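Order of writing sets the labels: A, B, C and D. Residues in every chain begin at 1.
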Amino acid sequence: MSVRESRIASLVLGASAIIVALAVLAVFAFLFKFALPVFTGGQGACILSGVWNPFKGQFGILPMLAASLCISLSALLIGWPLALGLCCCMHGFTPRPLGRFLSILLRGMTAFPTVVYGFAAIFLLVPVMREALGHGSGLNWATAALILSLVTLPTMTLVMDAGMHQTERRLRLTGAALGLNRQQVFSHLVLPACRSDLLAAAALGFARALGDTLIPLMLAGNAPQWPTAASDSIRTLTAHIGLVLATDSSSATYGSLFVAGCLLLLANMCVQLMLRTHLRTRGAA
Amino acid sequence: MPNTTSDFNPTEQETQPIERAARLKHVCTFFDGVQVLHDISLEIPAHGITVLVGRSGSGKTTLLRTFNRLNECLPGCRTRGSIHVSLKGQFMDVHGPAFRDAARLRIHIGMVFQTPDVLPVSIRRNIELPLRHALGLPQADIDERLQQALRESGLWEEVSERLHAPAETLSGGQQQRLCLARSLAMHPSLLLLDEPTASLDSVSARTIEALLQTLRRRYPVVMVSHSLGQALRLADRLVLMNNGRIQHIWNRQDGLPDAPTLETMLEDDTCCT
Amino acid sequence: MVQKFRTLLLTCLALTLTASLAWGAPLDAFTGKQGTIDIAGGTAHIPVMKEAAKRIMTANPEIRISIAGGGSGVGVQQVGEGLVQIGNTGRALSEAEVAKYGLVSFPFAIDGVAIVINPANGVDALTAEQVKGIYAGKITNWKQIGGADRAISLYTRDEASGTREVFFKKLLAKGDIATSANVVPSNGAMKTAVAQDPGAVGYVGIGYIDATVKAPSMDGMIPSQENAANGSYTVTRKLYMNTKGEPSALVRTFIDYLLTPEGAEIIRASGYIPLAQ
Amino acid sequence: MLALVGVLLRNGTGALGQALFFDSVPPLAAITGQVPVWDGIWPACVGTLSLLALTMLLALGPGIGCGIYLASYASPRIKALLGFAIDLLAGVPSIVMGLFGFTLLLTLRHSAAPNAGPCLLLASCCLALLVLPVLVSTTRGALEALPRQLHLSGAALGLCRWKTMRHILLPAAARGILSGVLLAAGRAAEDTAVIMLTGAVANAGLPAGLTARFEALPFTIFYRSSQYRDALDLQQGFATTLVLLALSLALLAAATRLQRALDQRWQGIRTNRPTQHADRHA
């Protein structure tokens, strides 16, 4: 009986692994399958160019790729140091009750739906940004990046915190025995030991910012132009998909959807590969 | 009960009454291609305590784990040679092709680790869990064995009032005795102890030693020890290991070496290389 | 407790009954019918569809109607692919679309498209030339056309929008729209954005205009539904329902319902001008 | 953050009430589905809940199963390969997942099921795919974070691999796995981009089955934020965000309670701490 049970268990587990693997394959296969005709049909060069003006037959989505990268990078630049700072707060740089409160708040924030941020920001942040920047509509790169950094903040903080928590528990006594106080243990021992966690948090934050649809769609203005200034209204690949899904299914506009999807997948794959190579070289060293 | 002696396929039946609990022949163990045990042949008598001593890294723990094939749970391990263990009166090849399922072996061999490895559950469940899920015993038997094992390990008086408390709330010495009780409740054919007192204070260590003195008559015990004093106090048979080889074996009836001699032998690692 | 529930249930039933009696005549067409109608497309249509569906489903719970937005492009595409039974568009179908999917159009209302600006903006009148200049990015400050010294922020709709198409053809005469223009995905979003941004200029269906935005006169024409109906405001469009081939009986009943006087009342209440049958 | 919640509360509480959920329909009739609700968010609440339930139903088995497989059954090669695939899946943006659902639907329509349309089932499948990597990696992480000794203890007690997993490792890792489940549920409840392309609509009434379109709270919020016509609509939008927020937080609270209960059931009841301390030195 026990042998049968464990055999069934391995079968079930193996099967679920296969299901997951198939699912991953299916996602990629379908998107590439739908993107492929675009290139074989000769629209590829047209779509991978710099100007989007469908009424003049220009279907370039490169400005949107640039916008996606710009927005998520700047969101990362704002959010990552903040997350690190919060982590420091939670690990002994502020009184304990405040640290605990922060940790509860962050956990609650992970439950905050993205669309709520967008909804609130339209009515709160956008007018402020408009006045602060002096011109433009307030729907721009800066607004979207700010809110995106807020959206990714709890995830990044919690990933960092999880890594640090483990390391700190391991090193606290050793550090204390060496005569270091909690802050010193943290900044001299724990932080350097958690470099890969910090990096993983950054990669995760970047991926989430890159993949978010609603915030850019609601807050970035969606103008298909190259990003040049923080007050520019720009359109990300994700927002592009959301906006354009609606069009006639034979035009290059429609094809651009799948190319955009594939570009997003590729960007994400690059981040993952970079993270992995880094971890591997560190692991080997 | 599925896991009883009936479904063993004895490959070698001993005709004379069994005098040994286990026998290793030409055992070699490799981790990731590096040889850790070199051609070990060793017999474990059916009664009394066999103590393995040697310097750190001499292969004592690995040798101990060959008896219940626990090395196989570690990555990159490969073992060669024959391992025979006496299980419920039958002397069988437990490493051969006829004995595929190591779990069936391990329910007959109790093991206690260096640091108390109580499961993160209540005291009662620590003992119940393997009895129910590995042996498949009914609740009545479990209750009986539970009490018996706790009494054997001298814990009953201390914990009978709080069997439902987490095992982690026990002191180190109590935890180690709980681990011992957990093994005893399985009614093992062989008891393996991996430096059972290494992480304990001297008083707790003495308690465990006293316990072992009472157990030696009922169970064959193989034990690793770092403390030469302890080894000399407990050993019926003393095995000195060096660099993955057996360097010397003493029997108590033939006389054990005195502590200084043993210490010198431990320090001298040239003799075997 | 049980008694209370029963009373409540009875009240509900009675309410439903009186309601259906009150709306009796046009809704009678639905009695005895059942099935599902899925509707998608133009965002301007939604209020009308919603009210009609509400009345129909209240009178006859056997009929399920789901309503999605998305824009005129979605309407064409989804009805063409057979994903919905009615695809709404805020523009006439192109010949290519009709040919590709075999669509049949049912116009049911007229809507004007008007330029809207923030109520705080002092500008009250615009000309088509000025609008073209603004949208081409040549006029960038309100003071260039007699307003306060404030940068103009442009808002336009996405490519799937029927409103955009009408605006683009009739007001801009297919002129350029600067790439720096903000793109918003619906009439409502346009109104929200313009209502908040003092420098904004955008365009919405006249049905959406309320106190939060201001519609300046266009070449002297006052944008209002009356003017759109009597022809003195020319930037207008028809709102269409489209079906793939001839509609099924149930869908046909739904379309006919919107063309009854009761339907016209719903259309009017939503801010559009019903098309006389 | 607090300011955000504060503003939401100030703007939203006014509209919280029976009318928000049921419009003018009597609640009982609305809840039982006898009378359709049009301007209330009750159908969206039900839609979100059924979407959530269906998604978790689809994702839990394969997700946790695959996590266990990766943690202790897979060979190193498969571990690396499948692990990478899962990381890739984790990075697929939700709108792209929606796009996948859309392409899947088009393919289905041209082959196996010509009458298929965007629906609850399709949306749940895509959402399940979206949250799958979260489940897999938290399960795997929680199991791998357990001390190596626990594996050995299980084996030394004569439990086979599956029984060690089932009776020792899984309960010990339950806390971590549960937090993964919670994370996944949270994402499934809040995601808008996926369902936008696979079946959520502005008005559909209560969900009528697996193959019907449905309403969902996040989509309703998105829709109201862009389509509102008057101040009341807007206020209701704020109130809807509050409802979604409450739902998410309730999920969080429930999971925390469950975690505590599990811990207690598994680890035993901790009582009289002082005596326990004394025991240590006994």
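Rule of thumb we're sticking to: a residue touches a chain if its C-beta (ideal position, glycine included) is under 8 Å from a C-beta of that chain, and two chains touch if they have at least 3 such contacts.
Treat the numbers as computed from the prediction; the structure is a model and nothing was measured.
Would you pick out the chains that touch chain A and also touch chain B?
D
If each step moves to a chain the current one touches, what is the fewest number of steps from chain B to chain C?
2
Taking each chain's centre as the average of its Cα atoms, which is closest to the average over all protein Cα atoms shown?
When every chain is reduced to its C-alpha mean, the one closest to the whole-protein mean is D.
Look at all chain centres (mean of CA atoms) and spot the one farthest from the centre of chain D.
Ranked by distance of C-alpha centres from chain D, the top chain is B.
Between chain C and chain D, tell me the centre distance in angstrom, where each centre is the average of that chain's C-alpha atoms.
The mean C-alpha positions of chain C and chain D differ by 35 Å.
Taking each chain's centre as the mean of its CA atoms, how far is chain A from chain D in angstrom?
Computed from C-alpha means, the inter-chain centre distance equals 19 Å.
Round to the nearest whole Å and give the separation of the Cα centres of chain B and chain D.
Computed value for the inter-centroid distance: 47 Å.
Touching at least two other chains at once: which residues of chain A meet that condition?
In chain A, the residues touching two or more other chains are 2-3, 122, 242, 245.
Which residues does chain C have that touch at least 2 chains other than itself?
Those would be 81, 184-185, 192.
What are the residues of chain B that contact at least two other chains?
Answer for chain B, listing residues that touch two or more other chains: 101.
State the interface residues of chain D toward chain C in the complex, per the touch definition above.
Going by the criterion above, the answer is residues 26, 28-29, 34-36, 38, 105-106, 109, 114, 117-118, 200-205, 208, 212-213, 223, 225-230.
For a test of understanding, state which residues of chain A touch chain D in their complex under the given definition.
2-3, 5-6, 9-10, 12-17, 19-21, 23-28, 30-31, 33-34, 105, 107-120, 122, 124, 150, 166, 207, 210-214, 218, 238, 241-242, 245, 257-258, 261, 264-265, 268-269, 271-272, 276
Tell me, which parts of chain B touch chain D in their complex?
Interface residues on chain B, with respect to chain D: 68, 70, 73, 101-109, 111, 113, 115, 117, 119-125, 129-130, 133-135, 158, 162, 164-171, 174, 182, 186.
Which stretch or stretches of chain C touch chain A in the complex?
Answer in residue numbers: 70-74, 76-77, 80-81, 97, 100, 151, 153, 155, 158-160, 168, 174, 179-185, 192-193, 196-197, 199-200.
Mind listing the chain D positions that touch chain B in their complex?
149-153, 155-161, 163, 166-168, 171-172, 266-271, 276, 279-282
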